[in-house]
Structures are given as C-alpha cells and as structure tokens.
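Notes to accompany the following structure.
By letter and in written order, the chains are A, B, C and D; residue numbering begins at 1 in each of them.
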Amino acid sequence: MKKKFFSTMLFFVIATILFVFTAGAQAFAAPPIKIGALFSVSGPAAFLGEPERNTAQMLVYEINKAGGIKGRKLELVVIDTQGDPAKAVQGANKLIKDDKVAAIIGPSTTGDSMAVIPVVEKAGIPLISCAAGIKITDPVKKWIFKTAQNDALAVARIYEYLNKQKIGNVAILTVSDGFGSSGREQLVAHAKEYGIEIISNETYGPKDTDMTAQLTKIRASGAQAIICWGTNPGPAIVARNVKQLGIKIPLFMSHGVSSKKFIELAGDAAEGIMLPSGRVIVASQMPNTDRQKKALLSYVTSYKNLYKVEGDHFGGHAWDAMMLLKGAIEKAGDKPSAIRDQLEKTTKFAGIGGTFSYTAQDHAGLTKDAFVLVEVKDQNWKLVK
Amino acid sequence: MLKVESITQIFGGLTALENVSFSVAPHSITGVIGPNGAGKTTLFNIVTGLYTQTEGKVYLGDKNISFFEPEVLARLGLVRTFQNVELFGQMSVLENVMVGLHTKSKSGIFSCAFKLPGQIKEEKRIKEKAYQWLEFTGLADSADVTACNLPFGKGRLLEISRAMAVEPQIILMDEPAAGLNSRETAGLAGLIRKIQELGVTIVLVEHDMELVMDVCESIIVLNLGKKLAHGTPREIQENKAVIAAYLGED
Amino acid sequence: MDNPSQLVQYILTGLSNGAIYALIGFGFAIIHNATGILNFAQGEFVMLGGMFTIFILSFLNIPLPMAIVLAIAFSTLVGILFERLAIRPLKNVKPLSLVIITIGASIFIRGAAMLIWGKDTHALPAFSGNEPLYVYGATIMPQHLWIFGITILIIIANKLFFSYSILGKAMRACAYNAYAASLVGIDVKIMVLLSFVVSAAIGSMAGIIIAPLTMTSYDVGIMLGIKGFCAVIIGGMSSGLGTVLGGLLLGLLESLGAGYISASYKDAFAFIILLLILFIRPEGLFKQKETQRV
Amino acid sequence: MMIKEKRQIFIFLLFALVVLLVPIFLKGSYFLNVLVFIGINTLLAVALNLLLGYAGQISLGQAAFFGLGAYISGILTTRFPVDPWLALVVAAGCASVLAFVIGFPILKLKGHYLAMATLGFGIIVYIIFNETVDWTGGPSGLSGIPNLRLGPFVFDNDRNNYYLVWMMTLGVMLLSINLSQSRIGRALRAINDSEVAARVMGVNARMMKVQIFTVSAFVSAIAGSLYAHTITFISPASFGFNFSVELLTMVIIGGLGSIYGSFLGATILTMLPEFLRVFRDFDIVIYGLMLILITMFMPAGLIGGIEMSIKIIAEKIKGSAENNA
C-alpha cells in the first residue's frame, strides 16, 4: 500500500512538473522584432553552439540597451538543436509558425542547416547559417545565406603556404565527423590545383584518445607535412602524439581549433603549429589599416567582459549573422522578404569572419582573404605574415 | 513408453547421475524417490531436454529423444511441471493455460496481427479448450486472476492444468505435493488418478511418501546418482538397501 | 622509419591503451562478480576521477597526490550513493531493471557533470614530465609507465585482497552464493556496497592516470566504459589476469588494425571482436576454472 | 472477456479519431510538425516495446535499424532512380533480413550480455554509416531525399506528412495490440515471465524471439524510411547510441508492454526539449532521473500510473458517494 501511494505521488509530481514547464514556456509574451536562433548548444557540436548562442544573446542585449533598431527592441528565441537534424527541423518550424520570427540565424552545423533548408525555403524566411559546409549556399538558395568561411578557403591558405615552402607531399589526418569529413573533402579536392600530393590519408574518431597508430603510419609514408582537421580535443592529442613520436615535419591544424583552449590542452606540444584562422584570435596584432579590426576588438572585449572567457571565431559567425541582420533590418524593416533582399545587397561588411559581400550569385560572401595563417609561439597566437 | 538408458551426468567433475536406466510402462504412474541430492531433478531436467547429459539415451516410445529441445518434446507429448512452480506470473490464469495450447494452434505472426478469420476462430477454440482444462482441475473460478496473485496450492493446480493443455502422452511432475496442506495433497492424489484415466502416463518425483505409496504403481529409488531399486510400492517398502539409504545406515 | 620500429610503436601503443581498458574492465568484473550487475555507469567513474582531480587542483592549492586521493574519495562517495539510492532499494531485481537503472545512472551522472563542470575538455599535467622515452626506435610517454605500474599494482592488490583478506574472501563467498554466505554470517548488503566502493575507486584511479594523456571531459566515460567492457568480456569477467590479457589484446588489435588495415574502422574492430566472443565463447578467452571468479 | 475486448476496440477507435481530427484544430501550427516526429518516434517505441515489453529482450541497437531504413531509402532514391515507395519496402525488407540473420546468435544471449551485444551491433552500424562516405555521404549527411507521393499528392508539408506518418503509426499500433492478445503475444509474454516454462509448453522460444526481433527491425526501418522521406536530409548523428537510449527511455517511461504507453513516452521525450526551454541543458539529467525513478517505483510506467490514479480517484468518488448516501 505504501509503495502504491509513493508511486501515485511520483506520478503526480512528474505530471505537475511537466504541466508547469509547459505553462512556463507559454507565459512569455511577444515583444517587437523576433529573431530565431538555431544553435547546437548541447550535444557533440556544443563547441559551436555555445559560443554562438552566447554571442547572439550578448549582441541582442547590447542592441536593446542602445535602444533597439529604430526604437524597436529585438527578441532572440534560441532553440537548441543538439546537433540533431530532426530537432533542428522541429525548431525551425516552431520559430516560423509559432514565434513568427522575421529571420533566423544558425544552425551551427552543416547537417542541421541542410535539414532546415527545405522548411525555411518553403516558408520564405531569411536564414543566415553559421555552418561552414559549402553545399549550404552552393547552389545558391533564395533565402539562405551563411557567415562561416567555406572550408575551401582555409585549405587554400594552407596550400599556398606549402607552395611557398616548396612542400609537395603531405599527409592528412581528419576527424570522422561533419567538420573533419568536410575538411577532408576540400583537402583532397584542391590538392591538385596547388600541385600537392596527399600521400597518406588517415582519420580518427571524435572520441579517440590516442592517435599514435595513425601518426606512425604517416611517419612511415615520408610525408613532408601533416595537416590535421578536427575540433578539440582530438587535435590537441594529435599535437601531443606528434611530439611524443618525435616527428619533426611541420604540423598544420584547421580553424576548428583556433581558440586558446587548444593551446591550453596541447601545452608545449602546441609550439610551432600553424593554422588558418579567422582574425579574431589575433585581433590586436592586426595592422590598424585592417577593415575588420574595429569589429574584432569590440567583439573580443565585450565577450571577455561578459563571459570571462575568450570569444572565438565560432561565436564570430553568430556575431556576423546578427550584425548583418541588424544592418538589413535597419535599412529595410522587419518584413522577411525585405530583409532577404537587403541582405543580398550587403557589400563590404567588415565582420569577424571576414569582409562580406553578398550577391545574387554568392550567398557565402567571403574570399580567402577571410583567413590568416597563425602560428603558436610562446603559448600564444602569432600572425604569420 | 519412456525408456532411459544408462544416463550419466557429470557437472565439472561432480557426478550427479551415474549409469541410470529404467523404463516406464504406458498409462502407469511411476514415482521417483530418493534422499536430497540423489539426482531426481537432474534426471527430470535431462529427460525434458533442459540439461544435456554427458552420456546415455532417452526414448519416448520407439523414438530416440536424447538431446531434443524441450519445445520439440512438448510437441511429441512430453511435458513437465516444476518444483518451484514456474507460472507466467504477469498473465491471467486462463492465459497461462492458453500458452499450454500453443502447440495445438497454428496462427502465425501475420494472421495474429491482422486478426484473420482463421485466427479468430482458432482463438475461440483455444479459449474454450483452456476453460475445459481449468474445469478439469477445478480452477475455472479463478480464470481471470493474474497468476502471481494465486495462492500457492492453486498455482500447483494451474501448472498441472497448463501442462495438461499440451495433451501430453506423458507428464513429469517435480514434487507436485511440496508446500501443499494435507487436504490439498488428497485432492492432488485424486487429480493424478483422473489424469491417468485420460490415458496419460505419469512420472513424479516426490518426497511425500504417503502420496507416492498411495498413487504409484511402480517406484524408482535413486541414491547418490545411482539407481538403487525399481519395483512396486510393496517391494520398495521392504527393500533393505532402500531402507538403509533413507535411514542413513551403511 | 623502417618497418620493425613501426611495429614496435603499434605494439607499445596497443599495450598502453590495453592497460587502460583492463583497468576499467576490472571495475566491471568486481561489481558483476559480487552482484551479477553489469554496471553501465562504470565509465562514469572513470570520468569522475579525472574531472574531480582537475577541479580539486583548480580550486584548492594542494599538491597533485593529495588531489588524487581526494578525487578518488569523492568518486567512491558517488559510487556509495549510487548503490544506496538506486541499487539497494530495488525490490524487483530483474536483469532488465538493473540494466536500465545503471544506464539511467550513467546518463544522470554524465548530465550532472556537464551542468557542474561545463562541456569543455580539460588536461591534467603529466605526473612526471612530457619527455618521451625511446624503446627500440619507438616512443612512449612517462605517463604510460605510470599506467603500466598502477595496473600491475592493482592486479597484485586485487589478488592479495581477494585471496588473503577476510573481507575479500567474504566478497568471493557472496559471489558464489549470496544465500549461503548470509547463512555463515556475512552481511551480503555490505559486500555489495563494498564491491561498488572498490570498483568506483579503481575506475576513478584509471580516469586519473589517463587524464594527462587523453584529457578528459564530461562525456569521456561512455566510450572508455564500453571498451573496458569489451576487455572484461574477452577476459572472461575476472578481475585478475584474464581481464588484463583481454584488455591488452583489445588494445593491440585496435592499434595494429588502425596501423595496418584502417584507422576509420578501429572501433568497429573492437565491437566485432566483442560480438564474435559473445557469440562463440561467451565465457571469454582466458577464463580458467570456475573457481577463479572474483 | 468480451467486454474487455470491446472496450479495447472502443479506446483504439477513440484514439484514432482524435489523431485524425487533430490537424483540423492545429491548422498552420508548428505543433503539427512536432506531431509528425511524435508519430515516427511512436512507431520506433512500439517496435522496441514489442521486443522489450512483450518478449522481455532488451535492445540498445534499435537506432541501427532506424538508420538502416533511413539510409537504404535515402541511398536508393538519391543515387538510383528508385521510387520512394519501393525504396521504403526494400529498406524494411533489408533491415528485417539482417535482423533475422543476426537474431539467432544475438538472442541466444541474455540480460546484460544481450544489452552489450546489441549496443555493439548499433555502434558497428553507426561506424559504417559514418565511414562509407561514397554511399552515405559520411558525417556530412545525405541531402535531397525526395518526398513520398501518391499520384499528384505529394507528402511535402506538415499536414500531408502527418497523415502519412500517423496512418502508418495507427496501423502498427492496432496490429501490435492484436498481436498482444493472440497466441504469439501470449507466447512472447510467457517467454518474458519464464523462458524455461514456455519452452516446456512447446513454445519455440528462440524462433519466437528472432521473429519478434525481425518484426521490430521491420517497423523501425519503416519509421526510418518515413523519417528520411519527410525530413529529406539524414546524417549518422541521428542514429547513434544516444538515440537508442532515448528510445529505451520512451518505452520505460511510457510503460513496458503498453502500446499507448509507447505513444505517451514518445510524446514526452519528443516534447521534453519544449517543456524544458526554461531549464535548458537539464534534459539529460532529467532523462537519467526518470529512467531510474520509474524503473524503481513505477515498473508499469506512466500509463500504469495513470491507470492506477484513475482507479484510486474512481474509488474515492464511489466512497464519498456512498458516504453521502
């Protein structure tokens, strides 16, 4: 009897909690301009979604504090996609039909972006993706823009440098997730035009804890450089393993690890590693003539003030998306189609990820100038000139 | 009917049964007795296909059924009950007996899911048949009770009804009287005879000597894994070796 | 680089990963043998060990050994709470409910760790430096020596504990027959609790000694736990040499597979081996006698 | 007995009626889209429940069959000119054949070992999705999967997809309910309660388990195929170990062996992120806690809880009515 009573109680408690949460979720009233955000705040791609959400929330707060856009406040509705396409589609539907947002920023991953594109296209809502996958905007889709630099641009930066150093044979080591496989595709696709030969092509799993086997194989292949494509913590383990194995050839990383966290994790092993990165991590080292410098410094300082950690260029994608939207709304109002048309007219917008110029044929808007090559020196990022 | 030929069972160096042979006449009631650890339940487990014997053969009629799986044996008409009453606790009494009728029905997963006409008819037939068996053992009143809520004595009866539903040629009962009071035991003796009247051969392992001597026509005595004696109740009662084994003398 | 030293490197890598798997496998075996439970939350103890150490180090200014001891104590406390709150009150002890409860606990602990410590990965400083040691043209980190050493120590301690101490013997008795053990006056409940204590302690120890190499974050427990399980299945659910051999074999197969066949399918190899062993020889490759259970 | 059966038919018809009428009230609401996913998840939960709730056999690799359905359908329709309906049938067929083949060795295992083996199987399939980039598109996913269509009627909006998915789900629910009260259902539940006794009664337990495993894979693959054709983009991340655990949670929370319970569980887990928006990040802790608490205190799941509460309330009302009289 006692157990029965307890079970009944438990049932009611759960029922009440669920009810309160639903009620709670409904209780928010609808203020002026609504912007939707789809970020993978949790799940395997949280390293993208979390800084993106933080940045977007920070910007909305700042914009509203400064009086909003033409006197109208912004409201950001963030939905966590957990890196799951189904949840992303669900979220996009909610943003469009329930919250009736004027525009959407995100999703964080290429997968989520590809999944929501049909929904967003049909609804006719502008979306600025923060994911890097080339297929998001190629071919061009009417309502879809993106701010994250194509992986091809990062690859080009590395390959150009290799050409300069007269290195022809490289080994690539990529993580087997969306980020790594996209990098792998681009590395392979563009090798030929730079006269580079990939003589060893290895992968590792996102949860792997030791890559010495792959690196031993790479060492035996006689490659002159290693390019590793992944996000934390894998590349840090690769860096340590390279050091452990005493491999002396240059090691390149991708922009996936262009944050202080990588240096912290890799420790001494990070010294001398080069990678293509957005300018954000070397903001203060940029020459004053750099168009982006102002935006970069403002982003870096306010992020640090608010969240006590360094902002990274993933957050920068959200910064760019948000500021692009802000600009478009200021000029064209909050009608989705007007925002879209205005976005397409964006020229030379100096953001965090680069200088954006959208056209009807190009919804990615960046050139390879968006990336700079940086090197780890004395546990810090150093711009390679 | 049932013939066991030089069965030996060794568990990791421990000999549980050694060269046991006997045969059971059709339509008879045979008791298997012996002190604890004599190997009675092991013998049942081998005959019903739950254990794989180290050596020896089992025949049902002329058919060599050694190493047959229990589900095959059930189809051949050999069933058993368990010492600790293995009911389907979450199912109703009626449903328990209906599981016993599994081999007497054929509907496959497809016709069951789509409730094809043949399946509906079959289901009706099974249900009626199951009621008949519950009436046979006197459990019809409890048909809708969930099996785990049955009192122990009725659980025994349910197990027997369920086994009878298979319409066996031979039924092996493992201590059917264990845990029953004297009134229930008397009822059980009656039921066993009633089962025999249906033409079913019965083998039972039992500690209740009164019951064994009462119903059994022939008795096999096991001790320490070996067959000690085989005979009528009277012969067994007078057998010196048996008395010695039970009283613990050498 | 010539082939022999390449092979030596694969073998060294395999052995050092294998030792980690074995250590994690121990935890599984100890609980399984004392209670029949396969603790799906075992990997979380590994995570807790590493995370506690890192956070104790960052909050208290104490030397590493002290932090390690504290971290093991905290993880063990989590193990105790888990047993007291979720395992002992359970009346309906079907294997299915136990599987679900331990999965639930694993999710819960992981989630709580994420909420408390965030999603970032953290590195623990190496116990004795980062200068690689050279062995026949291959290299190994000093931390690997720590892993080998501690694994060996734990095997010995296990052996001594279960063979010679009263408590260890009592735990073995429970493993054989809990009812009989209770008849001779052994408190079975205490023994079950103790198995969680020992297993949480060993699990967290494993988590601590690998953290300088592999780094740690709230979600490292799943994969490491599963690999540890593979090791213990290959070895036949013992907390002795069988599991060590199982772990080392798994590590070797993974590393040789990654080196000579394909690194992409490295984890698939591990699981194919697991399935094959479960299908063909569920008692494990190195199971000796029935009497070697604990 | 007859009354019980009639009541069951009545409950199902009522449920089906509500399901069919819902879109009228939710015109243009995003909630319709959520319901499409609830439908797919209900299919998956029912499939797992057949195995876990009826036969008592755990599977931590259900997501693999879901994924196989999605990927076979997706690959056939994007890389070959195969009609989506045909692809759905082929996908379900392939998944069932695979389940049948691996079912024999896998279902020989029991309890924890079965859990681990199915988990291993799930991870192997996941790795294959991830690594066979030329076919599956690898981790970046497979896009451009066509919608299903019936003549001029294309399943490309929420309302159409809703009816598509829910017709399938209602069908599977009805068939599962039928199954549970048949010879096969009884045999499965008998295996769950006592496998030895079931075998002695002539139930071929191994075959029965393999059969239901195959059916479960079949339904999961259909769900996968529907998922692929409604969402038009798939990536391996949706078919990993985490999703298998999520499915397990749905079945446990809803109630083992209860088909409506599976619906309830699927609904709660699909909606939970919505509920928890205020307390984001808490969902995984809450999943874990729910799994533990419900297994410990409410083995019959929330459906059991609801039934019990209704009973208690009914008794109270009856009691007070008698007092008043």
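Just so we're on the same page, contacts are C-beta pairs under 8 Å (C-beta built on N, C-alpha and C of every residue); 3 or more make two chains touch, one makes a residue touch a chain.
The model shown is predicted, which means the values in this text are computed figures rather than measured ones.
The set of chains in contact with chain B as well as chain C comprises D.
Interface comparison, A-C versus A-D: the higher count of C-beta contacts falls to A-D. Between the Cα centres of chain A and chain C there is a gap of 35 Å. Distance from the chain A centre to the chain D centre is 34 Å, each centre being the mean of its Cα atoms.
Between the CA-based centres of chain B and chain D the separation comes to 40 Å, rounded to the whole angstrom. Inter-chain centre distance (chain A to chain B, centres taken as mean C-alpha positions): 70 Å. Residues of chain A in contact with two or more other chains: 42, 176, 203.
Looking at chain D, one finds that residues 130-131, 281, 284, 290 touch two or more other chains. Chain pairs that touch one another, listed by label: A-C, A-D, B-D, C-D.
Chain D makes touch with chain B in their complex at residues 1, 175-176, 178-179, 182-187, 189-190, 192-194, 196-205, 211-212, 215.
Note for the complex: chain A touches chain C at residues 42, 46-47, 50, 176, 202-205, 207-210, 212-214, 216-217, 219-220, 232-233, 236-237, 240, 243-246, 261, 264-265, 267-269.
Across the interface of their complex, chain A is touched by residues 1, 3, 6, 9-10, 13-14, 16-17, 114, 119-123, 130, 132, 134, 138-141, 210, 213-215, 217, 219-220, 222-224, 254-256, 258-259, 263-264, 266-267 of chain C. Contacts from chain B toward chain D in the complex involve residues 48, 50, 69-71, 73-75, 79-80, 82, 86-91, 95, 98-100, 102-103, 105, 107-109, 112-115, 119, 122-123, 126-127, 144, 162-163, 165-166. Taken in their complex, chain A has these residues touching chain D: 3-4, 6-8, 10-12, 14, 18, 21-22, 24-25, 41-44, 79-80, 82-87, 89-90, 93-98, 110-111, 114-115, 117-118, 122, 133, 135, 176-178, 180-182, 185, 203.
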